[in-house]
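Heads up, the next two complexes both have chain A, just with different partners, chain B and then chain C.
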Partner chain A sequence: SARQLCFAWGPAEVLVCETRFGRRGGCPSGAGSGSGRARLPGALTGCVAGTGEGAPSSSRLFVVRRDQDIYIQTLRKLFNESHGIFVGLQRSEAEPAGTSRKAQLVQVSKNYRSVIRACMEDMHQAAISARDPALQSQYSTQVSILSAMELIWNLCEILFIEAAAAGPLLLRLLDWVRLHVCDVDSMVREVLSSENPSKHELFWNVVDIFVLQGRMDEARHLLSKEASANPTSLNMYKILDDLMKKMPVPSLGNTQTLTEMELKWQHWHEECQRYLQDGTFASNSHMESICKILLGDEDAILEKKELMTTWYHFLVTRLLYSHPTVKPMELRFYAQACMDVFLGGESSPEPLDTILMAAFEFEMHQVIKECSIALSNWWFVAHLTDLLDHCKLLQSHNLYFGSNMREFLLLEYASGLFSHHSLWQLGVDYFDHCPEYGRVYLELHIERIPLSTEQKALKVLRICEQRQMHAQVRSICKIMAMKALRNNRLGSALSWSIRAKDAAFATLISDRFLKDYCERGCFSDLDLIDNLGPSMLLSDRLTFLGKYREFHRLYGEKRFPEAARLLLMLMTAHIAPCSFWMTLLTDALPLLEQKEVIFSAEQTYELMRCLEDLTAAKSDKQKLQDDAETMKVEMLRLALARNLARVIVEEGTLEGS
Partner chain B sequence: AMEDVCAKFVSQKISKARWRPLPAAALQPPDVFATGSWDNEDNRISIWSVGDLGNVGLNGEYQGEPQLLCDIRHNGDVMDMQFLDQERIVVASSTGTVTVLRHHQNNQTLSANQRWEKAHYHVDQDSCCGGAACTGVICNNPEIVTVGEDGRINQFRADQKEAVRTINNADSSTLHAVTFLRTTEILTVNSIGQLKIWDLRQQRNEPSQIFSLTGDRVPLHCVDRHPNQQHIVATGGQDGMLSIWDIRQDTMPVSLLNAHEAEMWEVHFHPSSPDHLFTCSEDGSLWHWDTSRDIAEKPSFLHQGGRSTTYLSHNTINQSIVSAWLSNDPTKDRMEITNLIPNQTLSVNSLDILGPCLVYGTDAEAIYVNRQLF
Partner chain C sequence: MFVARSIAADHRDLIHDVSFDFHGRRMATCSSDQSVKVWDKSENGDWHCTASWKTHSGSVWRVTWAHPEFGQVLASCSFDRTAAVWEEIVGESNDKLRGQSHWVKRTTLVDSRTSVTDVKFAPKHMGLMLATCSADGVVRIYEAPDVMNLSQWSLQHEISCKLSCSCISWNPSSSRAHSPMIAVGSDDNSPNILAKVQIYEYNENTRKYAKAEALMTVTDPVHDIAFAPNLGRSFHILAVATKDVRIFTLKPLRKELSSSGGLTKFEIHIVAQFDNHNSQVWRVSWNITGTVLASSGDDGCVRLWKANYMDNWKCTGILKGNGSPVNGGSQQGVFNASLGSANASLQNSLNGSSASRYFFPPLDSPRAGSRWSSHAQLLPPPPLIEHSCDADTANLQYPHPRRRCVSRPLNLLPENEGV
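Right, the complex of A and B next:
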């Protein structure tokens, strides 16, 4: 069709709309260049869904989010708890490298996984208790996604982070399979809890499960029950039990070399072979099949396909009974072969299969890439990549757009957090640990946090101040000062501009105070103005405000000479704005009218000069059109002259005496 | 001991946490607390229980995490919260509304009992918007006093629809917190570093006394009064400084103690062992300030467990025992301070302490309970 799409990029979301324009058309005005605020994260909280009924107009707007999972309530636990682990990992950087470092990183990996598991547990509970079937299936989907995430992470932990060597590698993979193949757990529980397990129809299935997972002790325990019920075939049981007991396993420590292990294995394998060939188990198909499994017979193992459920279980079982000392680099061949055989061309590999295969192939970047595509969140890849990077496994890989993959993924994840109305605080620490672009991202995002209360503003401000983000500090304070001003809270407005050291704004507010004073004849917010302290020096006008108020206080306390000196100083030192001189001179009037003389001769001359300067400056521009003002000037001149006369007499008397 | 701390992630940023007060004759430690959230699209007041006996292990140690008893939606951020009595909670909202909630313990529900819409407001109370955040609330049943960003002080009575008294423009800057000094006197702190005493009996709309920090007027965010010696007041500031004031004498603090690196959001004297003080901060730390050591003549009540009523009931606390808080000289290392949170990240917004139990809530959406603090 001729319809075109139009995009507008937001910090964490994309606006998409259809346009009427053809291929050559531009972006329609309005949609593409809409006001910046409208497409901010907080403003758009839900996806605007179109009806999709082939409507021709482009009246619908779609919000495309980069990270859908950020909005899932139950996952907030995952985001918050993993944030703590992430920050801890970044802080641990300074500690010395070495073998303890590896143990430390494995522990971090385990911590991440335990958070995933805890979250899975919560989600599972939520699924059980949910009444709404839609909600229930939504939770169940989340459980399976989390479970897949943990499965992948665990494999990466074994192969990349712990980098288990031949021998221990197999033991780790066995643990991995036991932990994650839980489909058969209910069957195991059912049989074990039955009154007489050996009579249960699924008895042999459970024995097989144990054998396939290498859980020999449990398998033998079950078998012993069966044996005691069948005294006739006791010998056969004993032989099988003995074989299972003797099976050599790689050791975790350095107690045996790989060669020793392989030698033992060879002996044991030959023994099993002998028993199978001389028909020891011929009378019991179950036991015969177990013996074949012990020998690593592919067909015998594949017969139990349903009990393994996945190709990677099959892989580990095959390795256990055919190649127990498999080396990490050999894994890829077995993995590919096992997957091909297991899926048997019936089904094509799913994303999870591809991801696990990439891991077995030690293609770390491929794992991350596939996960980024398959998962609906950035959490997983961001944290896994960061951890791998701390293991120094991703050093050489730089992306063509500048920063490396770790940083790229962390930026994506943190941007998603910032698009959330509440999780934005977590994003800050992630940006902090992105050396290349983190700062810029933080600056752009932090300015878009809605400042609903002063307390929230203080929290945002603290983030900016700690990082010396001066422009953002100023902008936040200005927003808050403007808000306060709109609400007629001059005191609050002034505190905010003082905090930002915003001289221009402090001047603006001081003028409002002075204007209020001129209109009402008294000061508002004395508690603030009287307590300006050193912050008074922020702007000239603020200094004047503070000093002028001080004059009123001195006057109120009848400390006239000090008041007079201060008043004069405000004009002669040009602290007072010229527009205010008339008010100041008028304030001098009552002092001039006091019974005793307050202004000295010299001070009176200065006052006169101030008055003349003022009237001269005024008459230059406009005639004194205001009668009241003219009268005020006349009154002042009179008072000044009278004061001068009094002071000459008084000073003359003093000199004479 | 840190291992006694139990954490629960609750998927909402916690702005307030308060223990439900114990009945007068109670001997057991508190087991129910309330939390309030902020900065959510959907904020909530929640009631939690930690006292489930089924969760107590063999050695009597506490194991289970807090269990949600009930919750209710709250319009706006929860700015402050106080229990009025065993059943009622007063909640201050960023919308300026003050609500009294009742916790029905028989069927575990919460309901609004009384509401003062826009008790705090800018310019016009009746317009659709214009509510100003109510930043602080303090109760002394049935009295309720609230303060807000509008610089207003309201006095309510729990069962009365109309405000008993309102002081408009009580402060030209933002009032951050309030507490009772005596039954008729309150203390407020504001954003220009002032501590003010207001006598509610006086009709004058002016504070009866103003105390002030010197130098830069660093905003004060929280205030608490010594439970036994009413002249000793502690405040916490934007720079994380703890100030101790003796309101009988100086207009400046007696001592300034530095521990936090960012805003101190709350300060609490231990209600029954006031030699101990607890503060929490935006920097993610929670400090325990202990002056009980090194003062030989003073008996210790901490290890008796539960409440130390002996200390309170006898009026022997006079000049013979100089308060550790006032005589304290930080340079002599007489005060022991411990950070109770080793791996701090996001802000600890609120804490409450009652008996041997501590509860606190964070911006990392977790609540923590320590039931064996002493």
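Right, the complex of A and C next:
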């Protein structure tokens, strides 16, 4: 029979365990008769026997986590630092619109990318220093993922955020390719660092790489070395060098118009064409092929496929030498064509290709969607989408759910952070910036943060208090109060229940305090009780506890008349619970026995009435139980009578005088 | 998704239920061996069994935690026709030293005359209340009026459902607009067309629970039922495990005081229905935000369902248990706790593309033929792109995304994660 699974959701994990359902039996071996109750007919369909019948003593519990990347130590930097950028971006809303706003957003985008790169470098270092091969491969995998993220982000930055126009667009794309196509960098380094670069077997490859990436100065520098070694063909080198030098490039500023640029380019192109046709480079196939590349000859460029490694490098090279003033909206045609040609029939596009293609097609929504599928974390899509949303791009592209998608992704990302024991604090700010469901998500997540220490509880509490999350504040305090009480830390329990404004619990704890006092004759947690202040009013019993402690203090300070007044008031104002009156009256005894008279005649009468009320109430129910109590009552009556006699004499004297 | 830990449960018989406490730091298991075990997570993330004791004289079907505001309290229900409430006692230094905790039975609820099939604590805003349901078709609601005295529980309500009950779920909404509500499922499998899900609502006037609705479309046996956390919505979401997974919304209509005596009527819609488990679905349960539903069925899988931002419900992950026969004492095959999805990606929620394409790059691996080949997902996060083979050069050299070295064989499990 197939095994089935039972499971439970935790705040951060899912617990899974093998089981078998559908057995409504369940009397284990020998227990059927043990219960002593007759089994109801028909109620059972089977009986799972003891350890026999497939019941696995080897059953295992599996703790399953959803968000793996959250737990990768080396990604902490990414989460931490991007959090700062994210929060800054949310606050920058009020800045002026227009070009400065765009510059600001591009800067934010660059900041995100530099965090990715920093993280990538750390990860790379970790991969180098890791001894465990499994760990090493894990790190290198992460490096690859991060580098792909940066590649995609950078392209989005150029196309969507900066929205580079025809001209500068090509320059940006060239930078993009140079930054990311770095497989060939080692080859370049090897050749350049060799004693005689021009004799190196890879010399021409390196020159080609420079040309393909539009790095003309570097290509010319290398060529000059070769030229000096071949004085016979010096002229040929000079011509090629001249062509490369003269190649017009779009300018970043407004120094030339596109038409000017195109005109210049046309002239230059014709010049190259002439040299090629008159066979200037016929004697050197390397230089001839470079000239063909300069002319944008697709076959010549494709011959260098190995040096470009990717279709998007091919695309940018082709644009450089065929359509340097390509407009953003034309990109999609060239991109598609280049990808088709480059991949040929041999391989189908992979997710990364699809994502980049979607970007070239300006299908922002598609980019986000494909990235969500492809990446193992929410970090990338959440932050990128948020940034695009701040660029007001999602709305303008008629995604009616644009802002919802931003929130959807941020909620996912933040929920993932909350499943981590320390990263959850970052999640708070993300929820704060989700207008629709952020608050309720935060409420649900934050109350699940384990309150392992008072410190942690206070941290969580502060977050809730800042956001006026009253229900959560109350719940946290109640949990802490209960925990303290269970561990017999009465003071802590009391202060937590005061914070929770939990009157019932405060009453209960006050009772514990009073009970402890009755048993031990002293109070614990004096600091707390002495400083209750207005919170004393939370519950009657707590008020009594505070006042009763005040009585003790006054008594200790020998402020007897005040102490006496307070004591009496506790009974006459019915602040003290009846069960406590005998204790209070007993407390009055030493005051009655003082040398000077403390209770006035009126007060003494009140005391007498209290005592009689108490004994009357008691005798109603039952006789005074034990002799000790009877004796106490008798002593009290005697002391009261004596005090009354003394006070009558004294008050009479005063009146008479 | 990935398996972070695997723990030997060490029960002497089939485990029927597992349960996380509110904070996810403790868990409880119950078994046909009549015992309950409590497990605690240590600082370093390891789980230790800190208590194991005999709780009943029959199989223990369900175990559940009370909200920590009420202390450390568990309830269990059993084939022995009882439910019980347990409280952890703090104290005895001996126990603490041995890393053991002590649980005492506070009460046994003996009102049922048949197997008690489910037990659930009410949402905490209602106080310390407990509902049980039993095979004889009665839902009972108990209350502990004094939260400091868990030995006193009074039976507040007895609801006769007419059909054998298998599961209950409280509506967690604490909104004042919503009366206390409990849904009951029945696994009665006699051929009839009676509704197997009934919804009872507390009526302030009569102070009784009365039937507010029945899901007439659910006529097959129901094994589990779960209200989603409310998120401040005006309507309720209810998941039902029957021969398939169903998700209903219940939208309260205006109360008609005159006719229905103050009971809420609902507009009921089915928003999703999945038969991917092939046969019976046994458990359904929501994550804490009520955004992901997990279900478990005869196919031996736990499936995760999630609505995207356009409210389309799609499968976003599959967790597999291996049903292949265990032979030769080899345990490796017992549980290939492997996931169909490493990340609950937007993939399905967005485009519903084939469930096999979870990562970048597509797994061009020996997927076909072997039913259990999907354990590859236990590998470290799927490479967006394959890593280069020579990453250990001193220079900062990033492998080019497009360039790929030999793909790793997919069935190489890192040792610490292998099951």
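Points worth noting:
In the analysis below, the second predicted complex is superposed on the first by the 524 of 657 C-alpha atoms of A that agree within 3 Å, B and C clash if a C-alpha of one lies under 4 Å from a C-alpha of the other, contacts with A are read in each partner's own complex, and residues count from 1 in each chain.
In this section, a residue touches a chain if its C-beta (ideal position, glycine included) is under 8 Å from a C-beta of that chain, and two chains touch if they have at least 3 such contacts.
From a predicted model like this one, the values you see are computed outputs, not experimental measurements.
By the touch criterion stated above, A:M608 is placed in contact with neither chain B nor chain C. When chain A is checked against chain B and against chain C, the one touching more of its residues turns out to be C. When the two structures are aligned on the shared chain, A:H83 is found in touch with chain B, with no touch to chain C.
By the touch criterion stated above, A:L393 is placed in contact with neither chain B nor chain C. Once the two complexes are overlaid on the shared chain, A:S535 sits against chain B while remaining clear of chain C. After overlaying the two complexes on the shared chain, residue contacts for A:V106 are found with neither chain B nor chain C.
Touch criterion met: A:V63 reaches chain C, while chain B stays clear of it. Legend: residue contacts after superposition of the two complexes on their common chain; A:N487 is shown touching both chain B and chain C.
Once chain A of one complex is fitted onto chain A of the other, the partner contacts of A:S422 are limited to chain B, with no touch recorded for chain C. Counting contacts by the rule stated earlier, residues 452, 487-488 of chain A appear in both its interface with chain B and its interface with chain C.
Considering their complex, residues 1-28, 31, 34-35, 37, 40, 43-44, 48, 50-51, 55-69, 71-72, 120-121, 124, 127-128, 134, 136-145, 147-149, 151, 180-183, 185-186, 189, 309-311, 350-353, 369, 372-378, 381, 401, 404-405, 407-408, 412, 415, 437, 440-441, 444-445, 447-452, 471, 475, 478-479, 482-483, 486-488, 508 of chain A touch chain C. Residues 45, 73-74, 76-77, 80-81, 83-84, 87-88, 421-422, 425-426, 429, 452-456, 458-459, 462, 466, 487-492, 495, 524-528, 531-535 of chain A are the ones touching chain B in the complex. Interface residues of chain B facing chain A in the complex, by the touch rule stated above, are 9, 11-13, 38-41, 77, 79, 94, 122-123, 130, 132-133, 135, 149-151, 169, 171-174, 191-194, 210, 212, 214-217, 219, 238, 262-263, 282, 343, 345-347, 363-366. Partner chain A is touched in their complex by these residues of chain C: 1-20, 22-25, 27, 29, 32-34, 39, 47, 57-59, 61, 68-72, 78-81, 90, 113-115, 124, 135-136, 148, 174, 187, 223, 229, 231-232, 280, 282-283, 285-289, 294, 296-302, 308-310, 317, 319, 321-323, 331, 334-335, 337, 339, 342-347, 350-351, 353, 357-362, 380-388, 391-403, 408, 414-415, 419.
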